Every structure is written in C-alpha cells, then in structure tokens.
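Okay, so subunit A shows up in both of these, paired with subunit B first and subunit C after.
Moving on, here comes the complex of A and B:
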C-alpha cells in the first residue's frame, strides 16, 4: 500500500513538473514534449518487455499502430471521444499482444526478434489489404481537435501543440504510475527470473510460457496507448508507424537504460530532442543540407555503439551511479 | 518538516497556471517591413528524395533573384525548407518547427501526397496559406470549404490520367493496356482518371499495385511479371521517377518488351531517370536510349526546349543563383522556378498590406490570372483550388527531350470529374524582359 501511495505521488509530481515546464516553453517545444511523452510510453513498453522479461521486440511500432488504428476507427466510425478511444485502444493492442505472446512463448532470441520485425514490415501490406477500413497507404486522419473552450477561458489562448501536450500528459503520468507498480511488483520478480534463466525459473515453479504471454499483453497495452497518442498528432498510417519508429524506440530504450523507468524517460527525450540539439550546435557552421540532414542519424548511431560498448546499462544507471558516488564522498 | 506531497503539487500547479497566459499576436507571423518568411517541407534525404530534393534549391534561386531586384514591395523573401524524409510522423514535427520556430507566413511548394495528408488539416485550421503543393491528389483541392488555404502546384492526377487515357484509347485501340501503380492516393487517382477515359483494368492481371516507397527495397519484379503474363502491350506507370527507372531495368531482366510505356509526368523526369540508372552503372547514352519512345504528359514546356522564353529565362537564373549541391537543369528545377514565380506573383497581387487572409482572398478571386511557364491555365477560384487544367502529350526522343506527339503541340484540358477532354484555347502570356511577374 505504501508503494502504491509513493508511486502515485511520483506520478502526480511528474504530471505537475511536466505541466510546469510546458507553460514556460514555446509551442514548438510543447509539441516536442508531447511527442516525448508519447514515446516515453512506447519506450516503457520495450523496457517492460525486454528490460524486465528479456524478450526482444523489433516491431513495437506495429503494436503502436494497432493502438493508433484502433483509436482512429473508434473516433471515425463510432464517433467516440478521444478520451474514451485512447484507453479503449489499449484493449485492441493487448489482444494482438496476446496473439503475439502465444507465438513468443515458443520463440526466443533472434527468432522472436525476427518475428516481431516481420510484423512491423507487414504493416503497410495489411493497411493496403484492408484499404477500405484502414485507409491504405494514405491512412486515417485524426487529431486532438481544438482545446475545449472552458480550458481556454481558464488558461487563455492555448496553442495546438500545448493542447497535444495536455492530452498526452495524463496518459504518460498514468503509464508511469502503472509501470512503477509493475517494476516493484511480485510479477516483475517472476519476469526477471525468466529473463535471467528460464530453466531455473521453471525449476522454482514459474510457468515460463504464461509469464512470457502476460508480459507481451501488458507491454502491448502500453504500446497501444502510445500509438493512439502518436496517431492523434494528425494521421494514422503506414508512413507514421514506419519501421524506423520501432528502431527509434529501441534506440531510446538502450540509450536511456533498458531496465528502468527513468531510462525510458531519458531515452524518449534523447530521440525526440537530439536532432534539435545537433541543429543548434551546427547552426553557426552553415553546413550543407546533405550533412545536416544525415547528422542526427549518424550521432544517434554513434551514441548507440558507445552505450553498448562503454555503458550498457544506459544513461539512467550511469546517473544513478554518479549520484550514489557523490553521496558516499560527502 | 514533514513532507506533504499534495501540498507541493498544489503549489506547483498554481505556479504553472500563472504562466499560461499567452499574449495575442497583433499581426500575421513571418512578415515584416523588410522580409517575408516562407516554409516548405520535402524529402531531401531518403528513398523518395531523388529529383524532388532539387525543388527547394530552385525555388530559393528564383527568390534570391527577386531579392536582388529589390524583393516584393521592398521585402526580401526567405525560404526555410525542412527535410521530412517522406515520413509523415516527421512531417508533423517539421511543420510545427516551421510554424512555431521559423514563424513562416505561408507554406509553399511542399512535396508529397502521404506526407501532406498528415499536416493539411492543421495548416488549414491555423489559417496558414498552403500554396502550390507538389501533389496532384485531387482530394486536397476540389473541396475548398474543407481545405480553404490549400492550393495546388500540379495538375491533378485525375486530369492528367483522363487526357493520357483518351490518347491511349485513340492511338492503341487494339492493344492490351495495363497499369503499374503505387497503391496510395496517387495510384488511385490515376486509375480513376484512366477508367473515366474508358480504359479497363483487371486487378491481379492488367493492374499491378505496389506499396509506395518499396520499389527500391522490395523491387517490382512480381508486378511486371504479372503484366507480362497477362500479355499487356501498353504499360502505364503511375508512380515516381525511381519506379520508372527500376521498371525499365526489371523489364529488361525479364526480357519483357511492351510495345509502349506511358508514364505519368511525376515519374518521367529524364534527369532523375538517368541519374538513378547511372548509379546502376548504366551510362547516359544507354539510359537515354531506354527513355526514347516513352510517352508522357506535361503542363509546362520540356526543360530541354531551350528556345522557350520561360525555359531560357529560368535556366539563366538557375545558372546564376542556384547554390544547391545539384543544380542540373531538369523538370524538378523548372517546377521549382515556376512555383517561386507564381508565389512572387501572388504576393505582388495581394499588395503591400500582406496578410494571410488577404493572400487567400487574392488566390480565390484573382488566382486564375496567375501566369507561369505552364502551357495550361490554372483553375483557382473559390469553388476549386486545382492548378493546371491541361496537359500536352509527348514522346521522349533519343536526346532525352520530351517532344510533342504529332505535327505540333496540342494542349488538352478537362476537369477532375467526368467532364470531357477537349482542346485548350489558352494562350500563355509572354514573360517580361526581367523575368519578374507583374501584379494583376
């Protein structure tokens, strides 16, 4: 009970902190923070799946797409409010996660990675196959709409990006709350046991297959919410949930730290803001478009290699070490 | 002191709320007494970038030329282009950056159907002029009440396909006609136009689709094999230039020699075709021979028509002012120059008191008077935001120049609905000596 209360306090403090930052920055950065919050939930889905249970997914973007399409179809066809469609979209992605989990329970390592990658690659074909429902290559147009008038009356003019931030923030805070509880739960201990040694876990009575399936379902639910929010930026379609999105989520997860919630936060901030930071650094040098356009991908690739070689636990673990070291020194 | 999280939360929340009041802006962003800032998004890198990544440099070259002559009513034009890698997720972020960081007054010449679908609604609800979009998707333009600020930079795919379809039906009445198309709105619009013109395609036999952007990675062998097996003698390509290049190579490998290739204008740029084939170790002379005989359409003169007054003027400006990495004169550069020319014309027409509303109003009421290198008129009005309503049909010669079929050039015109294809009577106005448009 204490842990739940503590985690709730952390989630509320996170909500207020991000809300406060959101009021200080301009609309562009508000939009970027909204994307970072959305991808935070997506990276969390990887950290739960890979960091806690050791199952590698290269197709998390496809699970996000399930949530995105689910949300879009509910909003367009059933005229549901996005506040209802977003949480409901997690059911759609959890169901797909269940099917994937049934397969994943039989696979491991590169075979599982390959299977999830195929899922991501097949997404455009599926969208085209069910063109009349999913909108084919072009996709389905949805967005968060205009901010409600009561909110504008309370807060003054609200930019569209600011409104996107306010829509993403409660879901990110809720995801943080649930993830914090998950990371400290008894279930997570079982998941870690499966991650560290499947045979040993089975010997102490853990049902490995069921454990893997349940992690996939939960991870997919997180991805589904992230996908719904990502689609609500304007479009749900194959070019929005491209394979590069899956790889970006994995990059964020590794850079920030696979095995922690803080790692998911740091990772999502890095993948969203890195191109802007690089742009600011190289701006005075007047480099050609050919250089500036490829530099963010090059730098994130370099950081990825450095992280894997030098600091495999990611930035969050590094900061924690530094913090502990400074306290010991004092 | 005992920690009370809810108290801290309440204090932070009140503090945050006090910072939320944003002062209202008095004037439209992106316009000062000395400058007009315009934005554009396009694939500068990635699989879809070849050819299109030259459009922004061409536009900037023309704007720099105008700036060297004093700008528009004393205001210099600055073009900020952002690379969206033809990824819609990124297009949303680049649009936000252009709007909120670069403070653009208007968007001009943005490239791509899929990518523009992701931002068109947002641009319109913000009231940002979204001029001369490089997409022929009729859904963007035929209902101005839905997208009041968006205006086309190309003729619609439906119009072009109707005109090409009528030509194919008349010229090859006994041949079996098939289509290789990308399965997005481009391909769908093209099929709509060709079927309106009376052509019939059978999915799985004479109609072979593929997912846009996969032509390079997955190839189009199975699609061309399908058309070959179906005995298709006239192959229509409704896709981008990289598809045309890959189709030519794949057909050669399959030993498939259709009687005629008919390529929609977006996919028939000679330079892009030859550049892509050059990366596959096919020399220019050989690729020019592969291009020879391909039928295509255009709303503007061919870039190879050196005696055309617009081509000559724009080519000269390109030589002097284009600072891009590749300023080779081609269709993409001509299109960029043309869009920049029309942009300047619209800004001049709107007048000294430049506002977003005034510009949109001018486009709705006077936009149809816009002139350019195009040999067909633009259709802008309050009822439609379609651009070029006509195309002429040509065939590539051995020097990779599109030459009119028949004895002389005939420009055909039609609409994006079921209207007939007729011969256009439009006479293009002459370009002024200084290559600057004059206010209408």
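Moving on, here comes the complex of A and C:
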C-alpha cells in the first residue's frame, strides 16, 4: 500500500514537472517532448521484457504497430473517441503479445530474437495483404484533432505540438505508475528469478513458461499504448513503425539503463534529442551533408557500443552509483 | 517447366549465398556464443572498398581478394576491440544472469552495425553503386536452347560449394579445426588442455568476416552496394540458422537452401511481396515444433 502511494506521487510529480516544461518551450521542442513521452512508454515495454525477464525482443516496433493500427481502426471505422481508443488499443497488442508469448516461451536467446525480428519485417506485408482495411504502404492517417475549447480558454492558443504533448503526458504518467508498481511487485520477483536462473526458478515452483508468457503480454500492452500515441502524430503505416524504430527503442533502453524506470526516461530523451544536440554541436563546423546526415546514427551506434562495453547497466545505474558514492563520502 | 527450372536454379544459387552467410554466423555463434548482427555490415563495408578499387580500373580479382581480407580484418577487430573487453566485464551485476550475458553482446553487435553503416554513409556519401560480376549474368544458352540459369549462377554455386567443403575440411581434419571445435564445446576444458582459446575465437571471427565478404560480393551485382543493401541478406541468413539450428553447421546450410528455394518459388509463382510472410510462416512452424531448429539434437531437461 505504501509503495503504491509513493509510486502514485512520483507519477503525479512527473506529470506536473513535464507539464510545466511543456509550457515554457517552443512548439518544436513540445513536439519532441511528446515523442519522447511516447517512446518512454515503448522503452518501458523493453525494460519490462528484457530488463525484468531477460527475453530479448528485436521486434517491439511491430507490437507498437499493432497498437497503432488498432487505435486507427477504432477511431476511423468505429468513430471512437481518441481517449477511448488509446487505452483499448493495448488490448489488441496484448492479444498479439499473448500469441507471440506462447511461441516465445519455448524459445531461448537468439531464437527469440530471430522470431521477433522477422515478425517486425513481415509487418509491412500484412499491411499490404489487407490493403482495403489497413491502407497498404500509405497507411491510415489519424491525429489528435483539435484541443477542446475549455482547454484553449484556460491555456490560451494551443499549438498542435503542445496538444500532442498533453495527450501523451497522462498516458506516460500512467505507464510510469504501473511500471513502478510492476518493478516492485511480487510477480516481478518471479520474473527476475526466471531471468537469473531458469532451473532454480522452476525448482522453487515457478511455472517458467507461464511467467514468460505473462511478461510478454504485459510488455506488449505497454508497446500498444506507445504505438497508438506514436501513430496519433499523424500516420499509422509501415514506414512509421520501421525496423529502425525497434532498434532505437533498444538503444534507448540500453543507454538509459535496462533495469530501471528512470533509465527508460533518460534513454527516450537521448534517442529523441540526440540529433538536435549533435546538430547544435557541429553547426559551427559547416560539415558536408553526407557527414551531417549520418552523424546521429554514427554517434548513437558508438554510444551503444561504449555503454555496453564500459557500463552495461546504463546511465541510470551510473548516476545511482555516483550519488551513493558521494553520500558515503559525506 | 521452364519457369519451374528457373525457380529451382535461382533458388539454389541464392540458397548457396544464404548458406555462406549462415556459415559465417554459425562460426561466430559456436566460438563466442552470440549472433553477430554486424556481419553483413562488415561485408557491406568491404564491398564498398572493393568497388572503389574496381572504379580505379584494377582487376576484379584483386578487389575480390582485398574485400576478403578487409572483411576478415573487420571481424578480428570487432572481437579484439568489443567482444573481448565485454567478456571481461562479466562481474558487473547486469551480466551476472545468463540470459543477459547472451543478450548484451547481441545488442553490441547491433550497435556495431549502426556504426559501420553510418560510417559507410559518411565516407562514400551513401550513394548506391553498381557492382560488376566476374562472369556474365545474362541468360546462358547451350547450342540453341536457352538454359534456365546463367553463367554467374553456376559460378556462385560452384564457388560456394568449394568454400563449404573447404570449411568443413578445415573444421574436421586440421588441428586448428579441432581446437575451434574444442573451444566451442567447452572453453574451460579446451584452455586447460593448452588451446589458446582467445586466439582461436578471434580466428573464428576472421573466418566468418571473410565468408560474409564473399557472400556480399556475390549478391552485390544484383542488389548494388549501399549502406543498407545487405540487411536483407543478413536477416535471411540469420533466419536460415534459426531454422536449421545454430549448433549444427550443416543444419544451417540446409536451412539456407530451404529458404533460398522458398523465396525463389514465392517470387516466381506468387508475388514478391509475400516473401516475408512466407519466411515468417516457415519460421513460426519450425519454432513451434522444433524450438531449437530442425537439426538440433534433443535438448536435455534441466529440471
């Protein structure tokens, strides 16, 4: 009970903090923060799956796509309100996650990575197969619409980027709350046991297969909400949920810290803002286009490899270590 | 009939290339216990080097040799610069669980792939380059009959079979091969019996890099060379390993030929768009009924 109250207050503090930042920065950065909040939920889904239960998925983007398409279909065909369609889209992705989990529970390391990778690659084909419903290569366009009038009355004129930020924020805060509870819950101890020693976990009576499946379902639900929000920026289509999305989520998760929620936050901020920061740094050097185009990818690859080799627990763990160190010294 | 034979020959020739990729992946997997997603990035890099050499009007075969050396050098460099330091970190808390020990190096290889691709983009402007084939890729006719295969198909199949046989001989008949198999089986015991396991592992990386470069050069005439041109090859080769079973060398080669034929028949009789769905269907079917691959030996129960 105490933990739930603590986690709730953290989530509320997060909400207020990001809301405040959102009112101070310009439209471009508001849009970027909205994307970071969305990817925060996506990175959380990786931290739950890989960090807590040790299953490596390279196709988290495909689960996001399921959420995105689910949300788009509900909004376009059933004319549901966005506020209903986003939470409902997690059911779609959780169901796909259940199917995938049933297969995944039998697979170990590279076999699971391979299956999820090919799933992500097969996704555009599915979109083309059901062209009439899913819109093929072009995809379906949805957006967050206009901000409600009462909000405009309170806040003044609201740019579309700012509205996107306000739509993503409550879901990010909720995701933070649920993830924080998950990380401290009893089931997460079970997941960790399976991650650290499958045989020992089975010996103390944990049903390994069922545990793996349930983690997959929960992680997919997070990915689904992230996908719905990601699609609501304007388009749900194969190009939006490309394989590079799965990889950048993984990069964010590793850079920030695979096993912490703060790490997911740090990681999503890094993957979204890194190109901007690099652009600022190299601006005075007037490099040629071919260098500037590829530099962000180069730096994020380099950061990923460096993190893995030097500090595989990620930035969050590093900060925690520094903080603890200074406290001991004092 | 003609269509069927075309599909058969294209499938075999592509399957041979996939087999080479799969072989490279299995060599690293058995030596270091990780899937090297950077493998075709190394091959792409060396294909760019080869194409630069050819653009300077130097003989194709010199470029071929340089590409193989470059691929091997990149493989060795990755092992020495990234994988070895990573293995030393096994004390840190995140690497203490076996599942993470498997996952983290794979993620590192994805990072290396990103570095190689963006570096190629920066050096060669990411332009898509054509790449010559050593022999004609046009339809071959013997007498007056047009054959369902090209000279290049035959060249690829013969070359790759020679390489497959040579690799098998190396692994099974030489002392180096014995050392490689021993360190793959049990690193500790191999080291105790005087095998320099670290050097042997680096050798596996070098060999795998060279094989990947050959595979890259063999598909380059069809796909051209660009930073992402070999991604598809990597994914298909990897899927072949997963289908065949990573621990069985010939299993993954067989998996590669199965995939080559499947893709070619889907391409010709169905639609090219369905290729990934086909691959995914085969993969899921294999994973449900044989979770460690078609040719894996029965897995022992731990509990």
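Everything that follows uses one rule, which is that the second predicted complex is superposed on the first by the 330 of 330 C-alpha atoms of A that agree within 3 Å, B and C clash if a C-alpha of one lies under 4 Å from a C-alpha of the other, contacts with A are read in each partner's own complex, and residues count from 1 in each chain.
Following the convention adopted for this analysis, contacts are C-beta pairs under 8 Å (C-beta built on N, C-alpha and C of every residue); 3 or more make two chains touch, one makes a residue touch a chain.
What you see is a predicted model; the values in this text were computed from it and never measured.
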Which superposed partner A:125 touches (first subunit B, second subunit C, both, neither): both
Partner chain in contact with A:143 - subunit B first, subunit C second, else both or neither: first
Partner chain in contact with A:38 - subunit B first, subunit C second, else both or neither: neither
Touching partner for A:202 - first (subunit B), second (subunit C), both, neither: second
Touched partner set for A:300, first subunit B, second subunit C, both or neither: second
Touched partner set for A:239, first subunit B, second subunit C, both or neither: first
Partner chain(s) touched by A:161 [first = subunit B, second = subunit C, both, neither]: first
First, second, both or neither for A:19, with subunit B first and subunit C second: first
First (subunit B), second (subunit C), both or neither touched by A:290: both
Footprint overlap on subunit A, where subunit B in one structure and subunit C in the other make contact: 124-125, 128, 290, 293-294
Contacting residues of subunit A [partner subunit C, same complex]: 50, 54-56, 58, 103, 106-111, 113-115, 117-119, 121-122, 124-126, 128-129, 195-199, 202-203, 247, 250-251, 254, 258-259, 290-291, 293-295, 297-298, 300-305, 308-309, 312-313, 317
Sites on subunit C touched by subunit A in the complex: 29, 34-35, 82, 85-86, 89, 92-100, 102-108, 110-115, 117-119, 121-122, 125-126, 235, 238-239, 241-242, 246, 273-277, 279-280, 283-284, 287-288, 291-293, 302-303
Residue ranges of subunit A touching subunit B (in the complex, touch as defined): 9, 12-13, 16-17, 19-20, 22-24, 26-28, 31-32, 35, 124-125, 128, 131, 136-139, 141, 143, 146, 154-161, 230, 233-235, 237-242, 244-245, 288-290, 293-294
Interfacial residue positions of subunit B with respect to subunit A in the complex: 5-6, 8-9, 12-13, 15-17, 19-22, 24, 44-45, 53, 81, 83, 85-89, 92-93, 96-97, 99-101, 113-115, 117-119, 121-122, 125-126, 182-185, 188, 209, 211-214, 325
